[in-house]
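Take a look at the structures listed below.
There are two complexes below, and they share chain A, which is joined by chain B in the first and by chain C in the second.
Let's look at the complex of A and B:
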């Protein structure tokens, strides 16, 4: 006898939310909601809410909606209805359980990828509304545990991964030594004031992806770049506080970053292959600090490789043989316009690029970004079930011959790794720098 | 009957136009004041070039990905909005009324065409209604107010059509027609019909963000 297969309703337990809601009172909820919706927000929120004609045309933009067989609860406007509309209609008079569910929706069922902004006929920024909900939940102390821990790390250490000041320097020197086995004269110049470029990375690189520091050092060295890295806090460009709605910590972290670059008197900040960090320094963090555009020019890795290859600072020995496909990360493509430069770089280092469809600004999200993967293990299946459409898209590219998946963003990279395993797609996933390092001319 | 007619076509019409124009100005000005008070930075991102790029792109049928995905809706939505705005402005009967009162007149639509355009508006309203009832993603976010808005928009065109043919109860229908037109005018600034005012602004802002900061297309 076998039991009938019953699709079990998965109940996610998140301590951050469970404990958080216990501390709520009706007055506090109402006070915080009104503080954010009436006090902090302004014309944008008002215009967005008043202008929306409930047409549902944003639905097909969302990978959650598409992956859940077009369940309207997952459409962008559907998520606004379940959160912000109710808060506005009830004038903040909502229950603790409502806040818990709102936090879950805004933090784990939306990647703030802004694809829907391109589908709304009025250009309503629904991701902005979801981030506003996260802000409310943050002020109420109802944020998923894992990402809240990351935000705490930012607050305490100015980096994402609780890395201590000496561990950071130690890691750089370790990678310098490793790379010297390959290029004996190679240095990772620390604290060199007046260098042209400050190179910045996200916390996870020194924590568990130190080979990326190695590769970057080799690329910089071979290209003869005048660069430096800081030996003080402020080296980390990542920012999960931005995604929890903790704008104050976001501001502190970004200020430390920009001030470090200013102290080193560099002309530009070049950053590694990360998307959310780009959003933080180029879009959200700088604005919070009152800078219309970043106070020191920010160059994303894709842009930087483009520059190095175009100026022939880096030449290619032999192009990468296996056919690749390219994932366009939301924050640097839709958020930074690097679609064509990414293709230039990939075509310069790879023999064959097989495009996935849709691509460029219209690419499907990885479902990890926007802080969702940082909400940790409780939500892994939220990401897997919520992005079947990505698996289908990747499978189609694979069936046309792609073997390697290039994802020039950390969150995308980790998220796609999960999708790859969960759906058994059999891709090998690489950063651009993995391939660039492999195929570039290096001193013998 | 006559006195009701005089009332709705006289003082009430004045009131409706005052509320419509005043309401629109009030909504726009109060939004600007809000921007000025709390989100002044918005001005610094506004770009005429990218605002117009975005507005033009989204005013061209099938010029965006989402319009191509929904061909029927795209055709209906464009036809609806064009007819909705042009028909009342260039209807012979309306222009004649203005001419009688103020000796002002302008070009008018041929009557047969105006009739077709009226029917297009009504048919489009039916299309939107069915879409709201049938499409799960639309139904999920639909509230009673959405149906009321649809009725407010359809009413002047349905009654106008019936008045034109003078089928039954001409006097009553005419009064209903004027009344429903007035209701619609007043509803524009104070309901979600205000997208007539705000959509160009949200479009312009998103266009400016995508063009000027994100260097990406917003279609």
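Let's look at the complex of A and C:
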């Protein structure tokens, strides 16, 4: 591992926060805080606040805390103390500057990864408390600019990348045409009502990573899957409104997603390699709408690849040679229980998996998830400084021979690229589908 | 075009086409669609790289296109698709392309009688709508949620009227969207405009809007209701009295509102898809009376039976006296009619269809990978590789069933009594 760049303390300026606080009054702050704490959070928050004994055992779980030489300000309980507890204690009577700092802490110094909930003797979900702070900040109009812009994109287009209705379809047809150069009869079937599977992705795929659509189409085609993709909004499973606390837009986006699947009358929704989107469709978005579980079953890509390989729908020509290590994304591993299936898939397609430690549900966060990377360039160093521990973990795996880092989640993937570059780790980072596409049997 | 009463309603089965034979003529055949009267089956076919056509009952259209997608029969039996030639897109109807060409075209909508076809269009990254090959005079930087009026005479959408760059969040929050009817925009602008509804007389336009990041309401002809809510869903306009009806959320619960006032005396965990009966006497909506339980509410009264996973595809009988919907519990799909659940359960079931008198309910069903027909909770004894939604005869005593088995497309006319026997 090379030396990190010399740390230079620099004040972060974020128009979303700066302009937002200018519109605050003491009355508005108090009204919004009390609305959320009394009217929305209810018994769950009260139980957490009343149960916490301030033991600090959550601290060792947090990558920010560990990366900042155990500075208690970065401990999970420390972040609650600096935000929610003060709001509660002051009955909402806090200053605009306090709200600005609370927004910064909740949105950029916590990835809502829930590792701390496993280390709390009572299982208190501190991520939920940080998301409650974000909800308050949203209702006060004090949210970091970049992620707020993304929430606006969701509100207008139902996707996170301002992709217009026609651009989505056009991109699918472009990738279909590209893939037909490899498999002449391949199709990306649009609006095929009654198909077994609707495949859904996140906005960045058509915007920046169209090759992932290509790869998915090849995997579906070779496996003989009866699938479709919608030609309407509702195709994007991602949800940054979930992370800004704009629950109403989160619900609107998820409604579009599930009603699209119901309209197409598919049996299942298979989603690409994304973590936060899984949380949104499997936990938060569906439940805000009143669905205890997804109305149409959701299958994450890891689970889907597992199924295809185990059922021999996909066979492997020759395993990937270079040693790989596997990053466990919080939302699908800690949140979705896919740790062993991920290993089954990676072992099926790669010669050698070198585990990083800790791993599985104990893995360290990428520091990008929870919407933190979506807060944009102003907070890049917050992420780099806040995840030295991840760099050390990755370096240790590299020293044992790992050359490729598999990150089956978009936010993890992007965040780890930054960590990799910043700390000079020298990994090549791949999605599972990158390798699966490369090693699977395909028509000659 | 023959009206439904003039269709062939003679009981019996008639083979229309063997689409397996088409395989010999084309590189590939895409999923087929069938005409409402069942007399034609059509599919997009590929002839060679970048050469597509449509095959109808074995005969190809005269013109070959570079690309074709979204092939659909209109309710009047015309066959429409999006077609591309020389990098331009348009609509082709029965093989004849519209005169106007576009950068892209999508979101095809038909009027109930099929005489009107509306689409969303993009030209030079400017957005508008086209109705029967007539394009809006105005274009916009972005457009979402296109709508066609109930009579098919007018089109509407949410449109962006002020340019802004990504990242200009405060400019966005000043309101850069409005609604447009036939391209004519409202004077008022909103942070967001979503689904629109055009009145039965095509004179009024309602839309769900967001006034700022937190306050939602319904705007009618550009004027928001005086009342604001924590959230709203899509409005409908009562076809007889013109009242605007929409689900609204306040203090964490959903209500049904009419012209801004709470209408039903109950609150719900969720309430959406409001609908007015054809006779205008009854209102119904899909609701969650408690968390994780779904049902229908008719005039505010929820059915006693509730479902875990989903309730969808609700429909009134033509006389407005009955309501049927599709439900889902633990991966089994169910049919519910007036709050009574059919005993048969299904791998999948499609939207219920009432007979003209409302006495009979029929639906396409799937069991064990084969498709069949269910009528009043009785399953027809035959199953197929594919079927399309059943169609009742005008008297309601027969059903037209369109089926595909071993590549043979067949048109069946079944007396109801034969299925119920």
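Quick note on the criterion: the second predicted complex is superposed on the first by the 436 of 444 C-alpha atoms of A that agree within 3 Å, B and C clash if a C-alpha of one lies under 4 Å from a C-alpha of the other, contacts with A are read in each partner's own complex, and residues count from 1 in each chain.
What we mean here is this: contacts are C-beta pairs under 8 Å (C-beta built on N, C-alpha and C of every residue); 3 or more make two chains touch, one makes a residue touch a chain.
Worth saying up front: this structure is predicted, and the values here are computed from it rather than measured.
Peer 1: With chain A superposed, do chain B and chain C clash or fit?
Peer 2: Once chain A is superposed (C-alpha atoms), there is room for both chain B and chain C without a clash.
Peer 1: Check whether A:329 is in contact with chain B, with chain C, with both or with neither, and answer first, second, both or neither.
Peer 2: Touch status of A:329: no partner.
Peer 1: Tell me which partner A:43 touches in the superposition: chain B (first), chain C (second), both or neither.
Peer 2: In the superposed model, A:43 contacts chain B only, not chain C.
Peer 1: Would you check which partner chain A:234 touches, where first means chain B only, second means chain C only, and both and neither mean what they say?
Peer 2: Touch partners of A:234: none, neither chain B nor chain C.
Peer 1: Between chain B (first) and chain C (second), which does A:152 come into contact with in this model arrangement: first, second, both, or neither?
Peer 2: It touches chain C, and chain B stays clear.
Peer 1: Applying the document's definition of touch, where does A:292 land relative to chain B and chain C: first, second, both, or neither?
Peer 2: both
Peer 1: What's the minimum Cα gap, in whole angstrom, linking chain B and chain C in the superposed view?
Peer 2: 6
Peer 1: Of the residues on chain A, which ones does chain B touch that chain C also touches?
Peer 2: Touching chain B and chain C on chain A: residues 292-293.
Peer 1: Inside the complex, what are the residues of chain C that reach chain A?
Peer 2: Against chain A, the touching part of chain C is residues 27-28, 30-31, 49, 67, 69-70, 103-104, 106-107, 120, 122, 127, 142-144, 160, 166-170, 172, 177, 191-192, 194, 210, 213-214, 216, 230-231, 249, 251-252, 269-270, 272, 288, 291-292, 294, 308-310, 312, 328, 331, 347-348, 350.
Peer 1: Which residues, counting only chain A, touch chain C once they are in their complex?
Peer 2: Listed in rising order, the residues are 15-16, 19, 39-40, 138-139, 141, 145-146, 148-149, 152-153, 155-157, 162, 164-166, 169-170, 173, 180, 184-185, 187, 189-192, 194, 231-233, 246, 248, 251-252, 255, 259, 262, 265, 267, 289-293, 295-297.
Peer 1: Show me the residue ranges of chain A that touch chain B in the complex, using the header's touch definition.
Peer 2: Its residues touching chain B are 41-44, 46-48, 50-57, 59-61, 65, 70, 72-73, 75, 77-78, 81, 117-119, 121-125, 283, 287, 292-293, 333-337, 339, 361-362.
Peer 1: Using the touch definition up top, name the residues of chain B that touch chain A in the complex.
Peer 2: 31-32, 34-35, 37-39, 41-42, 44-45, 54, 58, 64-66, 69-70, 73, 135-143, 146, 192, 194-195, 198-199, 201-203, 205-207, 210, 213-219
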